[in-house]
Every structure is written in structure tokens, then in C-alpha cells.
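Structure record follows, encoded as C-alpha cells.
Order as written gives the chain letters A, B and C; numbering starts at 1 within each chain.
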Amino acid sequence: MEKSSNTPILEARNLHVERAGVTLLDVPDLVINEGEVLSIIGPNGAGKTTLLQTLCYLMKPTQGEVFFRGVKVGFQLPPFEYRKRLTMVFQEPLLFDTTVFNNVASGLKFRKLKGMEIGKIVIENLELLGIAHLKDRSARTLSGGEAQRTSLARAFAIRPEILFLDEPFAALDPPTRESLMEDLEHVLKKANTTTIFATHDRMEALRLSNRIAVMKGGMIHQIGSPMEIVNHPVSEFVASFIGIETILSGRVVTKGAGTFIASISGHNIEAIGDARVGENVMCFIRPESVVISLDSARGLTSERNVFSGTVEKIIPVGPYYKIHIDCGFPLAAYITNDSCRDLSLEVGKKIKASFKATAVRIIGKNKGISKDRE
Amino acid sequence: MKKISSMLAIFVALFVVLSIPFPAFAQQKNIILATTTSTQDTGLLDVLIPIFEKKTGYFVKTIAVGSGQAMAMGQKGEADILLVHSPEAEQKFVAEGYGVNRRLVMHNDFIVVGPPADPAKVRGMKSAVEVFKKIASSNSLFISRGDNSGTHVKEKAIWKAANIKYEGEKWYQQTGLGMGQTLNVASEKRAYTLADRGTYLALKKRLDLDILAEGDAILLNIYHVIEVNPAKFPKVNAAGAKAFADFMVSRETQEIIRTFGVDKYGSPLFFPDAGKRVENLGK
Amino acid sequence: MELLFEGIKKAFYLLFTLDSEVMGITLLSLNVSGIATFISLFIGVSIGTVVALSKFPGRKIVVSLINTGMGLPPVVVGLFVTIFLWRSGPFGFLGLLYTPTAMIIAQSVIATPIVMGITLAAMQQLPKKLRLQILALGATRLQMVWTLIKEARLPLLAAIMAGFGGVISEIGASIMVGGNIKGYSRVLTTATVMETGKGNFDIAIALSIILLALAYLINLILTYVQQRERPR
């Protein structure tokens, strides 16, 4: 929110990619603003990679135009000149068979920089990603995480105006992925690079992006801030893909030992974790952790977070019902068909919703997730 | 890029190297001599050609093949001069206008060689035709050049004179190789073969073959030089061909031929015949 | 046995006395086959790369043609090169038949499909996305191709070995287009055949030993380079 401007850096109009009569991509209009991080999420085969490759002209669209800073790519701006100003990191590190140093230097060599200058930039970027000690190692001897770090360093060394990330963490094991995510978040914040990030992991997307585009079948079904996407999915597909979670934006008001209380639209939610008072946070609450009881029931002890609310909507989802509750903030819950009957839930009914402090997942928001427009 | 420029340097270096072994193609200085394997295998040409080259400044490219193939090259104008030993085919070659100025250079003779044990019992027989008849009737293995060379042509003529059908017979095998290799094969297989005396003498120490029949008039092996007809093939190096032919029949060359091999084998390999008539040879 | 022993003795004698004829033959072999390998490397790698990287109708046919070409019989090449270089042939005016140049041409024709085929296979073994990655790093087309070639350098070394090994030991084409002319177009293989024919087995063995040693030495150098490149 603080970094992203409203100056478009990349605009796609009428993008259409067809191969052998099959439409792979159909994006009528997409604008990416300078400094923002846009995540493209969707299941495998949704067209995320096609969109990314078309946007950086690694793949020629069957139809449509891409404008980079208002200049049409492939017309006033030759694709190769355009590609010099951006870069892409793939799922596989795709390192060259040489040392880590030379790998990171490769983009600079393509740009015919002087040796001294190259050396300086390479070292800077190796340090940025914490792999300076690997500089003389052969790329073939690296672990998966080290290799992907090298690949990222190689990308950042170019100082791209737009960074494309095509599922860069998908092939990594969870601990490696976590530590790399953290570093990437840090680097992105520092460099303020416009980033387009394809992933099928919604948590990655929620964590890194200002905006999220949800894709399926080559089309963007919805694009908007994480709040919009989560709380107001335009279609069932978006809702189901995003995982039907409750996402709340708030501010830390008090802090205890290992716990803190965040204020969400005037309601206090207790959560586990470390946060500074005054910090903006986002809270995710898994619907299956929310327990619904009748307003009259009493004595729910272990749940720290108990709220009164009204049933807004009841959606059958297989053996479950998904219940939307208005507690002064939106909350979603899953209950079994049996419980739904037992509680005789219906729209407008007053109920109590509760969840444990451990059920609240917190993501620091200082990266700048755009303002909830509600 | 540095690497690209060093690649370029390698290129340049290689092309410099490339040019070294190929002196400018002064076309008119090259003579293509198509000849028989016997003249090369005996080493005679290794002696004569350097002398000729030194004297005239021509460069002789000797292509040693059978007489048949040598004449085939002449028929296409791919050779400038022939040194061959297949008189009947040569006469036809000249008659058809492919060659001119056919001149007698030298002769030696063909001999029938075979295993010392001589299973066909032909040792000492005078008539080559009779020898061939006996080899055939005793089913003794006979190795033929089978390459349309002068030797092969001569061999076929003897079979014809003996009225023997040899093709497809078990005792008759063809190598398709030069004289030297055919002699090696005959020696290994303990077989009979027809050879020119020169090649046989040159290889004798390695061979387990004896001379079993010699001296018949039919066994004369006569070498001629023929210049390929420049009127028919304008690309032929006529001047070079004539110079080489003249050289072969010159008095000094004839003298070298007379003594060639005497020091090594105790007897000459070839008899110089320049200026003689074919009918008078061997008498 | 005695023959073999004598041959080896003679080989060492010829080698250590730097016999000028043997040296000339050896150098010419190296020269002709080296240049032919280099030419085939140039043509084979460029065409192999282009075919590997591009899509066009009939590509499969081209690929199978190249693979067939990897086993081109030298005598067939020799025959066709001879026909082309005949005085009466289309390139007769060049006067190249029975020259080392003709041998280089023939050997290049033999080695080029070998190099091309191995290049093609090597390039296709690289990850498909590597090309995109290189372009995404801002490379020009030429830089991309050059980077890919560098990535495939180990199999390309194998291509050099195969190409050079194929032509230095080849005889059919060399004798047909070179003519085995003494001191001019006589190489190790043609000389070996001729000396065998003349019954000079000792010299023939000596020449074969030199040929073997040469092939071994060159492969040794290339293998050394290749092994050094391998990860520990």
C-alpha cells in the first residue's frame, strides 16, 4: 500500500493464445502497476505459465498487445530489448553448468557489463540471498534450496523492472520453502520490484501480494486485493479455490507472553504469536476450527474467542454445510449436516461462534497489503 | 566476448594450417598417372618419378590400380597418361580414340606360382595352357585377381585357350585385390596364382610360393605408355603426359629399368624394350 | 608372433629416428583428419543446433536423415566425392581430385553427420525451459545459442572424439579421393594397406601402432578434459 503506485508499468490488452485450435489464454485486460506484487493463482493447467510467458514475450500471443510503460512490445519495442528489462525465475532453478558466481553473472554478461562491475553486483546479490559462501561452487553440486537461491540472485542481479516468478518454490521441501519465502519477502520489499508471481499455493499468494488474480481455463476469474478475493469471491470456483477462509485485517492492541490481542473492527481476537503493538496484521481463521453453538448454550471454556452473530447464509458442501456468520466481522464455519439439523440453523438465527487462539493464523501486514475497501 | 574472439583466433590458425599442405594448384604442373599395382608394388615408380619430377618440374600423381581401372580412368579423361600391361585392351582403347601415341616401355613375364608341395604336379611344365588344365582337373585352389587388371586379363586369356570353364567352380576364387595382396592370399591358402615376376620377386621373402611354370610365350607381360587423347578430353595435361611418356622411353630411364632390382633380388624385375617391336620380345 | 615383435621394433625405430616419410604420413593424417573434424564440427554443430532448436514441417525426416548419416559408409562418400570432383564432374574445374583437400572434403562429409547427430541429441537433452530462461535473462538469439552450446559442451566433446576417431581410421574414401600418392596424399590408413599389399608387414604394423597411439592420445586428452569437468 505504501509502495505500490498507480502508474501502470505493464498493460495487456486482448491477450489471446491459441495452440492447435485450443485456447490457452484469454485475457481481455490486465494492468500491472509499478511496484506492486501481483500473484496469479489457479490450479495446474489454469494458464498461469502461459500468461507469464506471454507477458514477457517468451511466447508470442496469437492475438493482442502488451504495453510496457505505454510502449507496445514487438512494435516500437523489440521483444529482445523488452526482455532485457525484466526477468523470470522458473520452478526449476535452470542453472548453467558453471560456478555459482558465473551463474549470477550471466545476465550481466549478456548485457556486456565490465568485469569489475559484474563482480561487484554479483557479490551484492549473493549476499542478499545469503549464498556468498557458495560463489565458487559448481552449480551442479548445490542443494535444491541453494540452487533456487542462486537462480533468484541471478534474476535480481539484472535489476529487472519487472520480475516474473513462475512457481519458484513448488519443487522445494517445506522448511526450505519457508526460509526462502522469508528472504524473498525481505528482498522484494527492499528492492520494491514490480513482481508477477504465479503459484498454486494460496498462502504464498496471500503473504506476498498486493493483488491476486485467480485463473482457470486460461481466463482470469477475479482480480483484486487479498481481502476482496477471500471475502467476496465472485464465483464458486474462486471461493473453493481460495479455500473459503475467513480473512480479517486488524491492528495489534495488547501483547502478552506468546499471545496478543488484535482488534478487528472493534472486536478483540486473541491469537498465538509474536507481534508488536500497533502492527497491522491479517488473521486467517480456518472454517473447520470454528464451532457454532446456540446462543443459549453456556460454559464453553477452552475457546478464548467467543462471538455472538447472525447466520447470513447456509451453503451445502457435500456432507457439510458452510455457514456464513456476521459477528460484526465476517466469519465462515463448517458444520456437519447432522449438527446443522440439531441446531436447526436458518438464516437470521442468532448463534455463538467460537474458536481457539491457536486456530488463528497471523501474517504480518507491514509488507503492505492494500487497504480493505470495506 | 573474449571466448568468441579466441574461437576466431583458432579459426584463423586452422585456415592457415589448411593452406600449407596444398601448394597453389598449378594445374598444368600436375600429371595424373594411372598405372598398375605392379609398378608401384615393385618400387620402380618410387625410383623413376622423383627423377622425372626433378628434371621437369612436373608433379606426378600416381594412382595405382589395375590396368582395367586405369584404362577406365583414361576413358573418362580422368588421367593424363597410362602405364599399363593389357595389350589387347590397350589396342582397343587406342582404336576407340581414347589414347594416342602408345609406346612400348618394358616387359617382364608372368609366372605361375603355387605351394612348394605342388599338389597339381605342374612344376617344370612348359605350356601355361597345360598347367592351367592340370590345376583345374586336380581341383587345386587357384586365386585370381578378379580386378580386370592386366594380370587378370592375361589369366582369363589362358583359361580361354585351355577351354576351361572356371567361373563358379569351387577351386577358383577371386580376391579383387592388387597383385601383392593376391600373392599373400595365395600363400596363406596354399593356392596357385598367376603373378607378374616383378611383384613376386619383390615379395618373395614373405611368401611361401614357388615359381612352378615360366617361359611360355603366352606369359609375356608387356608395359606400354599411352597418352590420353587431348583432342577428346581438352582438360588433359597433354604436354605433361608427353613429357612423362618421353621420359619413360628415354635412354637413361631405360638404363635404370635394366638395373632396377638387381642389387636386391639378384636379377632384374623388368626388361627395357623402348623402340623394339612386340613380336620380337622374349626371343 | 615374430612378425608382430619385429613390427613393434620397427615402429619404435621409425618413431625414434623420426623417419621423415613416416613423420610426413603421420602429420598429413593429423592435418587432414584434424581439419576435417574441425570443419564438421563447425557445420555439424551449427546445423545440429538449428535443427534441435527449431520447429518446421518435415523436421522428423531431417532428424532421421541425420541419424542415418551418422553411419555413412566411407566408400560411398568416397565414390560420390570422386564423381563430383572428376574433371568431367560438376566441380572438376577445381582440380581437387587426388589432393589432400579432396580427402578433407570426403572426411568432412563423413564426420559432419556424426557431429550433427550427437549435437542434436545433446541439445534435445537440455531442459526445454533452459532456452526460455536464457532469453529471460536478456540474451540475444546468438547469445542464447552460444550459451546452449556451452551447456552441451561435454557431449560435444564426445562428438569431436567420435568424428575424429571416425575419419582418422577411415580408408575407403581417403584412398579413392586421395589416391595414396607418395609424399602427397598418403595417410596412415592408406599407407598401411599398401605396405600390407607389398608384404612389408613390419612397416604396416608400425603404421598401425602409430595410428592407434594417435587415436588413443587424442581421446586421452579429450577424456581428461571431460573428466575434469565432472562434479566431484
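To be clear about the criterion, a residue touches a chain if its C-beta (ideal position, glycine included) is under 8 Å from a C-beta of that chain, and two chains touch if they have at least 3 such contacts.
Please read these numbers as outputs of a predicted model, since none were measured by experiment.
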Most widely separated chain from subunit B, with each centre as the mean of CA atoms: A
Chain pair with more C-beta contacts, B-C versus A-C: B-C
Chain centre separation (subunit A, subunit B; CA means) in Å: 87
Between subunit C and subunit A, distance of the C-alpha-averaged centres to the nearest whole Å: 55
Whole-Å separation of chain centres (CA-atom averages), subunit B against subunit C: 32
Sites on subunit C at which at least two other chains make contact: none
Sites on subunit B at which at least two other chains make contact: 1
Residues on subunit B engaged by subunit C in the complex (per definition of touch): 1, 4, 14, 17-18, 20-22, 25, 27, 30, 32, 37, 40-41, 46, 49, 59, 61-64, 76-78, 177-181, 183-184, 202-203, 205-207, 233, 235
Sites on subunit C touched by subunit A in the complex: 127, 129-130, 132-133, 135-141, 143, 147, 150-151, 153, 231-232
Of all residues in subunit A, those that touch subunit C in their complex: 53, 56, 58, 80, 83-88, 90, 92, 94, 96-97, 106-107, 110-111, 138, 140-141, 154-155, 158, 164
Of subunit C, residues touching subunit B in the complex: 28, 31, 35, 38, 86-88, 92, 94-101, 104, 146, 179-182, 184-185, 194, 196-199, 201
